[in-house]
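Below: a set of structures, written as structure tokens.
Consider the two complexes below, in which chain A is the common component and chain B and chain C are the respective partners.
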Partner chain A sequence: MRVLAALPLVLVFLLPLAASLLFVLPDAVNAGALRELVAHPQFSGALRLSLFTGLASTALSLLAALAITFAAGGRNLAGRAGVFLAVPHLSLAIGLAFLIMPTGVVARLFALLAGWNAPPQWVTTQDPWGFSLIVALVLKETPFLVWAFASLLNRDDLRRQFEGQQAVARSLGHGPASTFLRILLPQLLPRAAGPLIAVLAYGLTVVDMALVIGPTQPPVLAQLVWTDINDADPAVSARGGAGVVVLGLVVALVVAASALAAVMFKKVRQRFYGAAPRPGRGMPRGLAALWPAFLAIYAAAVLIMIVQSLSGHWPFPQRLPDVVTWKAWSHLAADPAPLLTSLALALASAAAALAACVAWLEWTPARADRVLAPAAVLVLCLPALLLALGEYRLFLALGVTGSAAALFLAHLLPVTAYVFLLLAGPYRAFDPRWQATAHGLRARRLPFLLRIKWPMLKAPLLSAAAIGFAVSVVQFVPAQLAAAGRFATLPMEAVTLSSGGNRALIATYGLALMALPLAGFLLASRLSRPRWSTP
Partner chain B sequence: MLSLQDIAISMADGTPLITAVSLEAAAGETVTLMGPSGSGKSSLLSFIGGDLTSAMTATGRVTLNGKDILHLPPERRRIARLFQDDLLFPHMTVAENLLFAVPMAPQAERHAKMQQALADAGLEGFANRPPHTLSGGQRARVALLRALLAEPQALLLDEPFSKLDRDLRATIRAFTFDHIRARAIPALLVTHDREDVPAGGRVLEITARGEIRHV
Partner chain C sequence: MLNRRTFLATSAASLILPVAARAADWPAIEAEARGQTVYFNAWAGSDTINAYIAWAAGEAKARHGITVEHVKITDTAEVVKRVRDEVAAGKQDGSVDLVWINGENFRTMKTEKLLFGPFSESLPNYALVDVAGKPTTRQDFAESVDGLEAPWGMAQLTFFADGAKVAQPPRSMADLIVFAKEHPGRVTYPAPPDFHGTTFLKQVLLETAPDVAQLAKAADGMAITPAWQAMLDDLHPHLWREGKQFPKSQADITNMVADGELLIGLTFNPNEPANLVAAGTMPATTIAWQHAKGTIGNTHFVAIPVNAKARAAAQVFANFLLSPEAQARKNDIKVWGDPTVLAVEKLPAELQAAFTGSAAPGSVSLPGPTLLEPHASWVPLLEKDWLSRYGKG
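For the complex of A and B:
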């Protein structure tokens, strides 16, 4: 039974993952392609840009998330952060672009005030320094880190410890800021290493957001590599392969350097920890406004997408479009294939991942997670490009590129990683005495699972499924490679459209892309409502 | 009759926790096991109940009314358990918690048994209440009645009174032991509190060396 229960995850997760990593090895040792890559006129500029945008966005997101966590002063923000998590990266990038582009909402507001008649000469979206990409990344990653911190701070065991420690620190004369910095922060950051590395890796290697809002001449390295991989010329494609490996190395080096910095910090920590109590002057007022500011920007981005999706001709500097039309939406309705493909893939991969993970967690001993958890973390921390390229080469070798099965598997890998990491904690922590009690009442395993355990774990099961669903919907890089042009999904369409000029259509796809995960989260939260609220 | 013969339990690293424990509990009798924390009292109950963690190894023989039970899955051993916490299923009403334990029978009969149990506990009218709305004493009684509704042939009590308020304990103890006697099933009670021992009941102590000593 144990072997049988472990089999699904081994077959659909561990094996494809290992095989994919194996299949990028040839790219790693292709010295000729690497030389080609380094000789690329845009290589060094692209690498610099990637490092800059990746590091700056991670550092700023971390600072913002810490400031928001501190300002919350113990309130649980996990639930509120969920709203932000439901908005896909790509939709946010599209909405943000509509806000800040030279003919966007912000410029129109300025025009109204300053009496401009022509769009300003701003280079806001796709600016050569990558600032707009950084802003988009910070907007997206900060709520994720807030959520990660809040989940840690509100874990039953940690929460009690932290509350006690903070009370002691305060009683010794440390103010809130000093307590936060010296008591919470040093215990929080090491525990949040996983989410932080994921944010860093994402910022260094993101493709879809960069295609919408990132710099172009040169682009970030991930985008340069992406163009190469998709080239029909095998030599150029091989250069892309070398680029993927370089991206992987960049992530590894930056993570190693960050870890080194953390160790260096430990050397000076005595001065930091041993500092005298400082009552502090209360919280800077601006800090409390940070979290609502994020909410406001998200709301503005979504709102402008809605307006854009309904707008026809909209000359600058008019505040409102000349024509309001359903044309873009009827276009989506006339060609529902991408929407339906995305929906079907998300339903199938979330369901399959949930079933496989539950089977694993229910029937294998907890120590089996020591194999699976690192593999799942690896999927989240590796550049999506690396894994996707490995999958692509694997599919080519198996002759299944462009098949529905390949597309499904490409979605299933990241979905499974998320579902497993979200579910393993609550599932393994389920008090074994419930089972002893149920068996004592003569209930067999299946009735126990169906009537006691799974209903009691309803909330984590449903939220893992909803997040798995959302993760599937937003897959771009692996989807594009695996589909080989035979299937289109929502993010693929949205990226394709964003290089064209039909803003109404871009907005419509950005919204459709957002609607699916949102519907998933709403349904999950509706279904996971407990029968009654317990104190 | 619940009978334990030469039970030995050792930890994952081979350290013996319990060595050569033998004891018998007759029908209607509650035998009390005492001993220092970590002496393996709870592990012994888990072994009998069938959910000893796979990290531990155990040997010996356990029979219930003359039949070997160790090869049976927990749900077929007919041994009900009570813990420190009442472990009422939080997503089920009181009635559903009780019905969960009532064996297969025509629906009317099962409901009658559930109603009878509620009446026994003095909890008529609480059938459709969620467990968290009950007081500690009410919950403890429901937990015991739920265990008994399963018609167990033995009962394992793992410090079931230790989290109750002091003034409640005497009542719940009496309630528990009365029901055990009435059902005429053997019970093992693990506790730290000498006051938990039923009047005239036998007390066994697990020593630090993992052996059993009659007190």
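For the complex of A and C:
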């Protein structure tokens, strides 16, 4: 049974992952291409920019998430943060760009007040320092970290432990801030290492957001590599392959350096933890406003996308468009194939990943996770480009590019990684006494699972499925390569249309891209309400 | 520079060739094509173009029993790469049956023997192509076409602006610099390797080259002229964001012109400004022009990869795209506005009528002669030099 239960994940996850990595190996040892890459006039600038935007966005997101978690004072933010998670990176970048670009909403408001006739020469989107990219990343990653912290704080086993410790700390005279920093923080951060590394890796290697809002001369390293990979010239394409490997190395080095820094600062931290208790004043007022501020920016970004999607000609500095039209939406309705393909892929991959992960977690011993968990973390931390390139070559060698199976597998890989990482914690932490009790009552395994265990784990199961669904919907790079033009999905369509610059269409597809995961999250949160709670 | 008359002499002889080469077994190809599916890989950033392709697909279905699937792509280089990878992996039933292509990508596919053919000159409708008046239908970026791609439409670098804001359009690169100095931050071009950005750089090359004839030959061992660098050095400080950042695409620039953030836009389709006026994106006061001494012009084509599965249907569809009816519809400003490759004056009178559109607002009012593309091998030189000089911010 154990082997049988482990088989699905081995077949659809571990094997393709290993094979994909194997297929990128030739790039790692292509010294000529590597030299070409280093000689690229934009290489050093792009690398600097990637390090800056990746590190700054991660640090700021972490600070903001901790501040928000602290300000929540024990309230469970997981549900609310879930809604933010549903907003794809690409959609947020599009909405944010509509807000801050020199012909955006903010500029129009200023124009109204100052009486401008021509758009200002603001350096907002595409600023050479990458500030707007950092803002976009912080907006997107902070809720993810808030959600990760909230999930940890509310995990059954941890919650009891933390509550006890906090009570002790209070009795020793620690104020709320002191308790948070000295008791919760040191226990939270190591447990949140996975999400933090994922945020860092994403910030260092993001392509789609950078394409919309990032600098161009030089661009971030991932964007440079993406352009190279797609070049028709084999030498340039090989340079891109080398770039993918370098990108992976950059992530590995930065993560290793961060871990090292955490160890080196141990002494400093210990001195801090051992300091005398501070009763502390109340919470700084600004902190409480942080979470609503995020909400407001998201709402504004979505609102402007809705307005843009309905607008025809909209000359500057008019506050409202000249023409309101459904043209962009009817475009989406006229060709629903990409929407339906994305929906089917997301449903199928989320369901398959959930089933495979539950099988693994239920029937294999916990120590088996020691193989799978690092593999899943690897998928999240490796640049999407690297895995996608390996997958593409694997499919090519198998002769399955452009098949539905290849497209499905390309979606399944990242979905499985997320579902597994989200589910493993709560599933393994399930109180074994329930099973012992059921066993004592002579209940067989399956009825126990169906009636007791899975219903009790309903919330984590559903939220893992919802996130898996969302992850599937936004896959662009691997899907594009695996589909070989035989299938179109929503993000492919969105990116293709965005090359034509039709803002109404871009906004419409940005919204459609957001609608699917959002629906998934709402459904999951509705279903995961305990049956016995009052509505 | 080659003009139309010198080309007429050389092409007159070759006009006979297509007739001789025309497939005697065209009905057999049409019969084989019936029921096949053509995966047509074509850039899909424009909804007017997508709508035209959808129309053509519908007609192909009705007339020839062919299913045409428009594979929407962002960059044709992706297709070149995909075909190369498939051929290298020994995949015979390739994922691409027909690709919209020209210039560098064509040259790459031709030299790597990734193309099926020659086929284009045996298409029945090829006899209508204006090979004499439009030499770029047989010389794609100074690379001989050799029947490996079928002409589809004509392009010429064209600039446009709102005439209410730009009274005196600059009709040379030197004039554009003067204009940029007078309107700092309101002019720019897309960063290469964007197609339009590269074309802008080539236009600068043509306007600064001491010997234009040199540019028609392969750039092996040649260097970029200091005059090219000097002109860009002169222009850049006055561009949008002081020439330190560049918009990603021509489409972005068009948006920025429509918004008033920029004053001058550029396009490869001389009818696009009129199309933008018809669509309500640009005002009716829009003007379009070409440089007085000419701007770069070329032809865009469709080609069949060597490992295409539905070769017969791909040929039948390429032939339909060349038909007077399909070409006239494409030429219509309200549909797409892409200039025809056919010799309209040689068509029967009733067919000619379909091509004569009255000058719509936004049509090119100050035309210039067509300049031939420099040889495709100049592009990597230009791009490399540009990146190292201006790509670092």
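One rule holds for everything that comes next: the second predicted complex is superposed on the first by the 500 of 535 C-alpha atoms of A that agree within 3 Å, B and C clash if a C-alpha of one lies under 4 Å from a C-alpha of the other, contacts with A are read in each partner's own complex, and residues count from 1 in each chain.
Definition applied: a contact is a pair of C-beta atoms (placed from the backbone, for glycine too) under 8 Å apart; a residue touches a chain by one contact, two chains touch by 3 or more.
As the structure is a computational prediction, the values presented were derived from the model and not from experiment.
In the superposition on chain A, contact of A:Leu441 is made with chain B only, not with chain C. By the document's definition of touching, of the two partners only chain C reaches A:Phe316; chain B does not. Once the two complexes are overlaid on the shared chain, A:Arg486 sits against chain C while remaining clear of chain B. Comparing chain B with chain C, more residues of chain A are touched by C.
Of the two partner chains placed around the shared chain by superposition, chain B is the only one that A:Ile452 touches, whereas chain C remains out of contact. Contacts of A:Gly501 after superposition on the shared chain: chain C is touched, whereas chain B is not.
In the superposition on chain A, contact is made by A:Arg433 with chain B only, not with chain C. Touch criterion met: A:Gln121 reaches chain C, while chain B stays clear of it. Per the touch definition, chain A reaches chain B in the complex via residues 365, 431-445, 448, 451-452, 455-456, 458, 530-532, 534-535. Remark: chain B residues 46, 49-51, 54, 73-81, 83, 85, 87, 89-91, 100-101, 103, 130, 132, 146-147, 149-152, 156 touch chain A in the complex. Within the complex formed with chain C, the residues of chain A that make contact are 40-42, 45, 102-103, 117-119, 121, 123, 126-128, 211, 215-218, 227, 230-234, 237, 312-313, 315-316, 322-323, 331, 396-397, 399, 401-402, 484-486, 488, 492-493, 495-503, 505. Within the complex, the chain C residues that touch chain A are 39, 41, 43-47, 71-82, 84-86, 89, 91, 95-96, 104-105, 108, 185, 191, 193, 240-241, 244-246, 248-249, 251-252, 254-256, 258-261, 280-281, 380, 384, 387-388, 390-393.
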